[in-house]
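Below, subunit A partners subunit B and then partners subunit C, in two separate complexes.
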Partner chain A sequence: MLGLYLSAVVAITMVHDLGALAATLAGVLALAGREALRLLRRALLTVALFNGVVTATYLALAAVDGRVSWYYVGLINLRVVLLTTLTFLAAARIDPFRALAFSPTLTYLLSLASSQALALRRTFEDFRLALRSRSPTPPGLRDRYRHSAAAASYLIQKALADAGETAYTLRSRGFFDD
Partner chain B sequence: MISLQGVSVRYGSEGEALREVSFAADPGERLLLLGANGSGKSTLLKVLNGLVAPTVGVYRYRGEPITPARLRDRTLARRFRSEVVLLFQNPDAMLFNPTVYEEIAFGLRRTGVKDLDARVRRWAASLRVDHLLGRAPFRLSGGEKQRVCLAALLALEPELLLLDEPAASLDPRTTGWLVDFLADLRVTTVVTTHNLSLAPELGERAVVLSQDHRVLYDGPLGRFLADQELLLAANLAHAHRHRHGDLEHRHFHVHDWD
Partner chain C sequence: MHVPDGFIAPQVYLPLYGVAAGFWAYGARRLRERLDEETLPYLAVLTGLAFVLSTVAIPLPGGTTVHAAGVGLLAVVFGAWTAFMAVSVVLLMQAMLFGEGGITALPLNALAMGLVGGAAAWSAFRGLRRWTERGALFLAGLLSVLLPALLVALVLGIQPLIAHRADGTPLFFPFGLSVTVPALLLPHLLVGLGEGVLTVLGYDFVHRLRGGQRA
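Then we have the complex of A and B:
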């Protein structure tokens, strides 16, 4: 399943036909079954900012040259939506531990990454709940911005510190052969 | 003041965090929530703070059921969030303002109190952080952050103070100060801890959670601490071998797990 997903990602990046990409997206959504609409909505929300920035930048640069290609705009946007939709579908269907069971090293790395991700998710959840707990009325935009910045800064520092510790444990267990 | 009836909480993939928990607390009580790691103490505090909704059962504050739907009522939410406050175990999760002054003033601004500046300075002085008012909270030590968080919560002059392992990351001197400070507070408190030597200083009545997330005991703390069977059942004590020279024997132990 993992191999199939990776092959599909490579194939999608090599296709430059709008119709083929649209047909593939329809196929991916068909595979999702009853979850199709929710999957598409989640993918669109995820890529909205990225696609918006890329499209606006392209249009600005192309307008200066006087050569705007709407076909190209459609192609890059659809490709990103398709890849994201496919990734969400694969993430829901693939058990990464089973997929990487052939390699003890990769399984070990996946375990470390998963435990770190879980710890960071719990910390982030505490930040979110703390803001709600401390706000007798809903926080304003400025407060939300400050809170997000504080949470991001804390999580980055924590991730870096944890990564340092992880590197020590890997070295201690002979992972680097030194 | 608060009551829980048959409260269970289930987190999607992580399973059950609380099972059929029932107890009540009166105004002015100093209640201890005891239990081993993972027994559900923090989740229970989040239920009491209206942050986590029971999957089954009812939580009432001053007789009113507290549910996500009811907390969408801004009047209720504003009153509840001013009267019931929670000190998180990790103070970093609570701090996001550019200065300590702004941190303490944050909740007050949202309640529209008239004496904001006086309250900020009064509680900063009470918590011994008045010399830090212009500093950035994230640059403070762990103990200072804890005190700033407490000042921010107490400035709201709450009715119910929830404390999640308040001494877990404090050095012995700051822990001693905190115990004295809490003893002088005239507010209903619910404190979680698994530090049994500290417990008698923090409350008189204990609600003990078992490792299967149920209430194992609810009653006077002294009786719980004297009951070896209960302590072992709650995984707050254990027996292990000791060597004294050539003599080896096995006996019961209570450890602090900080």
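Then we have the complex of A and C:
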């Protein structure tokens, strides 16, 4: 599955035909089934800022030279949306831990890091919601600095405490015994 | 600085995968030699932490925000190779677990942010800390952002030369070096200053939590 996804990504970047890319996007959305609209919406939101800036700057600079290519605008946006949608679909169906199965150390690192990332991300979201719920008016720059610092400080302390706990857990289960 | 999928030509990202694969293989070997029952979980949670900290927006006057990457801190605490591998895992997590970042841009992002950024930070810290530790940490954070930004700007800037149609229409990233270098370096100078401050504060913080043990 991973090999198929990677081959598809390489193939898509070698195709420069708008019709073929649009047909491939339709195929990917068909594969996604009921998730299609959600994936497409997520992909559009993800690429909107970067692609928006690149497209707007390209149009502005090319207009000065009188060489605007609508083909290019369509090509780059269609390809990026297609690749991002495909990646979201693959991320939902591929087990990345199998991709690192050749190295137990890396598999362990990815497992622990991703579980930590999810837990810390949830904690940070709680911090963000706490600031919002306690601020009747939008917080000022100073408050946002203090909030960022407090959140980062808490996350670092929690991460280091979790590292110690994990070390004890692994040692007690003989993970490091040869 | 994260480059999404679709802007880099296969003539560039495929060879970059080859280069990165060599460094990943070597880095994995170095990592295995260095990691033990204390440092392995420590590195794993700092990798997870680097991922989450990269989502913490630091507000700037005017309503915009910047994000720390934590590469400088990882490099000065764990060394350049460990930072490279950790950043690569973060990028893989972003691409495959959370659907952020790009799989075609993964080797460029990993080589730029992890290898070049990590090596620059580690070298600056090791080279200068005997004179001024805080200055060395600040420079480590600054360089861990600026040099990768320069490398990414160079790679993006050569895309129109590498991949274009017969009439000159670009097929991937459309802007040349005269646009990409200033467009990436100037904002990242600001980000780098913030990263420098965060590296100084973060190093002090990690040092205190580890009970005074310096890297």
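Simple rule for what comes next: the second predicted complex is superposed on the first by the 122 of 178 C-alpha atoms of A that agree within 3 Å, B and C clash if a C-alpha of one lies under 4 Å from a C-alpha of the other, contacts with A are read in each partner's own complex, and residues count from 1 in each chain.
FYI, contacts are C-beta pairs under 8 Å (C-beta built on N, C-alpha and C of every residue); 3 or more make two chains touch, one makes a residue touch a chain.
Quantities reported herein were computed from a predicted structural model and do not represent experimental measurements.
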*Which partner does A:68 reach: the first (subunit B), the second (subunit C), both, or neither?*
neither
*Examine A:20 and indicate which partner it touches, taking first as subunit B and second as subunit C; both and neither are also allowed.*
neither
*Return first, second, both or neither, reflecting whether A:153 touches subunit B, subunit C, both chains, or no partner chain.*
both
*Using the superposition described at the top, determine whether subunit B or subunit C touches more residues of subunit A.*
C
_First (subunit B), second (subunit C), both or neither touched by A:131_ = first
*Looking at the overlay, does A:44 come into contact with subunit B only (first), subunit C only (second), both, or neither?*
neither
*Classify the contacts of A:115 with the two partner chains as first (subunit B alone), second (subunit C alone), both, or neither.*
second
*Touching subunit B and also subunit C: which subunit A residues?*
151, 153
*In the complex with subunit B, residue positions of subunit A that touch it*: 123, 126-127, 129-137, 139, 143, 146-147, 149-151, 153-154
_Please output the residues of subunit C touching subunit A within their complex, sorted ascending._
4-7, 9-10, 13-14, 28, 31-32, 35-38, 40-49, 51-53, 55-59, 61, 85-86, 89-90, 92-93, 95-100, 102-104, 165, 168-175, 179, 202, 205-206, 209-210
*Which of the residues in subunit B end up touching subunit A in this complex?*
46, 49, 51-52, 74, 77-79, 81-82, 85-86, 88, 90, 92-98, 106-107, 110-111, 138, 152-153, 156
*State the interface residues of subunit A toward subunit C in the complex, per the touch definition above.*
6, 9-10, 13-14, 16, 42, 46-47, 50-51, 54, 57-58, 61-62, 67, 69, 71-72, 75-76, 79-80, 82-84, 87-88, 90-91, 94, 96, 99, 103, 105-106, 108-110, 112-117, 119-121, 124, 141, 144-145, 148, 151-153, 155-157, 159-160, 162-164, 166-167, 170-171, 175-176
